[in-house]
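Same chain, two partners: subunit A is paired with subunit B first, then with subunit C.
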Partner chain A sequence: MLRTGLLVSLVAAGIGLAGTAHAQQKTVYMPAILELSGAGAVSGTNFRDGMLMAIDEINKAGGILGHKIETPVLDTQSDAGTSRAQLQKVLDNNPYVVFGPVFSGSVLVTQLMTLKAEIPEIVGGEAAAITQKNNAYVFRTSFGQQFSMPKIANYIHDSIKAKSVAVVWVNNDFGKGGRDNFTKEMKDRGINIAADISTEVGQADFSADVVKLKGANADAVFVYLNEEESARFLKEAKKQGIKAPLIGETTLLGQKVIDLAGGAAEGVQGHVGLTVDAPIKAVQDFAAKFKQRFNYVCDHNGIKGYTGVYFVKYVTEKIGKFDSKAFAEKAHGITITPKDEPGILMEAMWDKNGDIDRESFLGEVVDGKQKIVKTLPMLSKK
Partner chain B sequence: MASFIQLLVSGLATGAIYALIAIGFTLLWQTSQTINFAQGEFVMLPAFFVLAAMNVGAPYWLAALIGIALSVVVLGVLFKAVIVDPMMRHGVLPLVITTIALSLFLKESVKDFYSSQAQPFPAPVAPRDLHFLGAVVSLQSVVVLAVAVLTVVALHLLLNKTRLGRCMQATAQNPTVARILGIPVGRMVLYTFLINGALVAIASLLISPIYLAKFTNGEALGMAAFIAAIIGGFNQVRGAILGGLILGVLDNLSAAYLSSQYRGAFPLVILIAVILFRPQGLLGRVEERAV
Partner chain C sequence: MRRLGPSALAIAGVVAIGLPFLLKPFGVYLISMWAVLTIAAIGLNLTLGYAGQVSMAQGAFVGIGAYTVALLTAAGWPFFVAFILGGALCFVIGWLLGYPALRVQHHYLAFVTLAFNTLVFLVLRNEEWLTRGSYGIAGTDRPSLFGFSTDNARAFYFVCLAILVLLSAATWWMMRSPWGRAFVALRENPIRALSLGLDTRRYTLMAFALGSTLGGLAGGLYAPLVQFIEPGSFSLNMSFNLLLMVIVGGSGRFFGPFVGALIAVLLPEWMRIAEGYYLIVYAMLVMVLMVFCPTGVLGLFEKAFRPKKAPPPAPATLKAEVTR
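On to the complex of A and B.
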């Protein structure tokens, strides 16, 4: 009898301890589906590492509303079909929000599922079409092309004073969306498109494209490619002596492209939506912490991941509960300043479509470094 | 004209790399009926051997030698002993599937151990441009072309002018008769794997300064070389060379003069035409199946 009583007591104590432990480990499930392998691995890995930094900081400080963030990261293999399958897996576990993907083609596929499930999706994609589908559950972490291209167009029109421009773009959802928005903006400003050159993802040899470019004799060249392709293109352009200014959007002026292209990136100009070289102390401090922890220089996707998590934290604390629908309602039209939430790094506003607005920059590559020459105001504050 | 020369030299340089990789496909197929779908990753990996050696302080030339030696051991000896020999007994299809799995394993391992970021890779010569008939040709392209041609010539001499080469050819043509004639067939097959290990390492050293060292490099290279081998003839080394060069030049000329948007489709159109009208490949010989 005594033995039985002792056993019951031990079991009860065990259940009690487990219960206490469970109570101490309240979590909120916020999974991520990201490009950890395949062509988008650089972008996905940066986004993930930025997220991990923010999650560790928040969890160390007590979590969100007392709940630790639980974020398993699933690999999309940079493939839209796999992204869909991975998203279905996480949707089956009733997430509060979902992070990713970064590739626009994958976001265009997954956002239909999160819309149906009414789960907010915090994405890294930049294709204009993402926020043009009346989806109340998709939120960007960086400019959509419909925001960045007018800024580039103004720069080419007002500063470069080009009358004709050649466009070199990568033939995927990201590149095609950028090219379509860019050509529209050029036409609106009366600038002639002298050459429209499509390239392939992973392309190594750009000699044919640069030969075509030379024949076009444009006043400026707009380059809208992924990182490695940008570096290879710049090397070929230098080799063939392209004299027209090479203009880019964020990627072309990234430090990774500058490093890979060597001297060929010198003099490249353009618009930078997010950069660790921004003349903002909070951004620079973040970049230093990131470098220290992961031993590589963060690109703009790292900033997207980091600020994306703080965006969720801020909105959740405002609504005071983990309610996905309430989150989506509150997040539209919200403005977050670094004073309200230091982790947001720069003041940001999300509009009724889930598009983000924040300050951005004009930059130039000087002596192997990205140099910010001008800070552009938020579009909503113009 | 200047543009055409520029495109031709650049296309030939790229095509020569495809040819080196495609030769590996044909060698392994001829001697051991191995279709290696990890061949592209075999080209990607040696670049990381070299970078790892340079990271521990080896100069470029020594790191390159270490890279070639490691490739011969890992991608030649170990590949044959650990993957091909045990799987071959179960037929060609299980081996093909195993090499597909191997390609994924190599790709993801490099990403995990080295990072997903592209790494700058040193070129064998300093970046310099040569001016020829108004065309600007990079010295790097010329060196790539020259080294690839020298490698192919050396391989040709080995296979056709030496006793060892003739033994290897005999093994490829009819292993049973070769064995009756006293040729150590097993060793000859091993030699082809070693040669393939060296070829992919040389291709890696030549292409990585242009492609940059990245874990995904093998995808495009492996596919291009596979198509080149089929176009040229899967059972002929000279067919692989021709297929590689056609592919490299066609890619550049079609992008410049036809359509850059459909450049990826042109090699496939040629591939379909070859399969329809000359299934043995441009220089391949007709093989009859016993069963």
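On to the complex of A and C.
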């Protein structure tokens, strides 16, 4: 009987019977559910570290409205089902806002729950569908694909002057969403899709895909893969001597990809929504602090995490209280400039759907570094 | 099981009914997931543990059941009709998958079923017109019972628990029927079973079909529980996880899947106190468990509680010599 009792108490402790300790005075509970293991570990870890930097800075300066930020970070294992379970765990403790996830599939499942609970969710996902569901509680920290793809399409049309393009994409919700938006933009501009090559998450060997790519003989190649797969693809493309320009969207030009790909990333071009190489002093200062603290070069996900926390701080100070509903109402249509809140790094605006608008960049990889060649204005300021 | 007796079952029943009233929604979600995965693991235990047919495709059947329910309920079909159809579809597909088992065994069969799992994943992902592909299906509704909605976490847990109890009772009954004994005979010595007049061909197919049906029924509950399904959820990982549940709990033991699913669902959550190392700690614990009790947790319990046998009496001649 004693043994049974012990077993029952162990089980109960494991599934959350024990009381929570977050309800301390003068703290605000803003948990994060992120991809710390699995296919999204690079993105999730960057997002987490960016967040932690912002939280430490804010807490050192007295917190938000005098409350220290309390942010436990829970791993989603890059899996939608686990994300759902972890979100339920944090919702049980009445959070003010929730940060993450970064993977779009995980955002699609968790956003249904935060909508029901009326808790704002500050996400890193880029799939177009995220902000097309009339959800008043989801806010992006980077461009959705419906905004980034027209920019990359203009670049291919106006600067590269390509008549045909091959698309290499990862067959998950992120890659498929990007591919669908990209091909639509290409058709609108009269550019022919010479090859449409889907690849697997975690794929190690890209030799067959690159052979197919060579056969297509396209004027340009658009690569839309996750970080590690991007690096493997670039190595194979270099090995097989692909001559057409390799164009990417943010990830392909990320420092992590450049480092993993070695020299194979040289000459890669594309659109970059967020980058630590942006010709903006605040961004570069942030990048230096990040490197000093974590000993690696931050990618765009780190900036998303960092600015996401400052976005919450600014909106909360505007409403003057920790009220999740009021936050969601106030955040729609808000514009934050670095003058208002230095931690936001670049002027940013959130529209009625929770989509973000800010300046973005055209870049190129030169000497193992991302080089910004042009700054594109905010969409709302064109 | 007989040693544990009805009192242990009664305690387990009281805990299963009372626990959700003490838990927050996250806890209720976890025990609901335990109930769902236990059903799938019971199915795999039937195929692998009792009938000895290695299957690495149970995750695919969970997927087929989940997609059947998600698509049919989205098209306006009643939940329980879709749920039963999902199970029936898996019965048919499971029967067909059983045919390779008539020709290959052991690790060769494992590869055949593994390939089937990959095939199902590719169909779910690529046949976008039917399954919505990589985007997945969100918002599968939970059923209403006699006008009462089970949208609430606790209400839906009781749906899962009731179905688990029903299916467990049916499996218990079956394992004590001639069918169950035929499955065990198939595992222990198929040639001898055949020589005794057992239709091993029919029972092999039946072991696959019934195990797969339970997988499909579990999937039918998985879709409304998680309320989002995507092909990736039913890749090889799910099959490996279910296999882990059966082995860790105790393959070929009726309550093995119950214990195995409890460990696979709860242990990673407990280990989260190890923060960044929790998956490493979880993996190491499972490895240690397997090293020290290859017959699973229930095998360990049986060993621990088995009454010590008296040493056999010494042979008469030896006794005489000792006396002398």
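The rule is short, and it goes like this: the second predicted complex is superposed on the first by the 357 of 382 C-alpha atoms of A that agree within 3 Å, B and C clash if a C-alpha of one lies under 4 Å from a C-alpha of the other, contacts with A are read in each partner's own complex, and residues count from 1 in each chain.
We adopt the following convention: a residue touches a chain if its C-beta (ideal position, glycine included) is under 8 Å from a C-beta of that chain, and two chains touch if they have at least 3 such contacts.
Quick caveat: nothing in here was measured; it's all calculated off a predicted structure.
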First (subunit B), second (subunit C), both or neither touched by A:D49: neither
Partner chain in contact with A:Q240 - subunit B first, subunit C second, else both or neither: first
First, second, both or neither for A:A41, with subunit B first and subunit C second: first
Contacts of A:E227 with subunit B and subunit C, given as first, second, both or neither: first
Touched partner set for A:N171, first subunit B, second subunit C, both or neither: both
Which superposed partner A:I197 touches (first subunit B, second subunit C, both, neither): first
Which superposed partner A:L108 touches (first subunit B, second subunit C, both, neither): second
Touched partner set for A:Q88, first subunit B, second subunit C, both or neither: second
Subunit B versus subunit C as contact partner of A:D205, first or second or both or neither: first
Subunit B and subunit C contact sites that coincide on subunit A, given as residue numbers: 36-37, 171
Subunit A-facing residues of subunit B, complex: 3, 6-7, 10-11, 14, 107-108, 111, 115-118, 120, 127, 129, 136, 138, 207, 210-212, 214-216, 219-220, 251-253, 255-256, 260-261, 263-264
Footprint of subunit B on subunit A - complex, ascending: 36-39, 41-42, 44-45, 171, 197-200, 202, 204-205, 207-209, 211-212, 214-215, 227-228, 231-232, 239-241, 256, 259-260, 262, 296
Interfacial residue positions of subunit A with respect to subunit C in the complex: 4, 8, 11-17, 36-37, 74-75, 77, 79-81, 84-85, 88-89, 91-92, 105, 108-109, 112, 129, 171-173, 175-177, 201
Subunit C to subunit A touching residues, read off their complex: 8, 11, 15, 19, 22-27, 29-31, 33, 125, 133-136, 138-139, 226-228, 230, 232-233, 262, 266-267, 269-270, 272, 276, 278-279
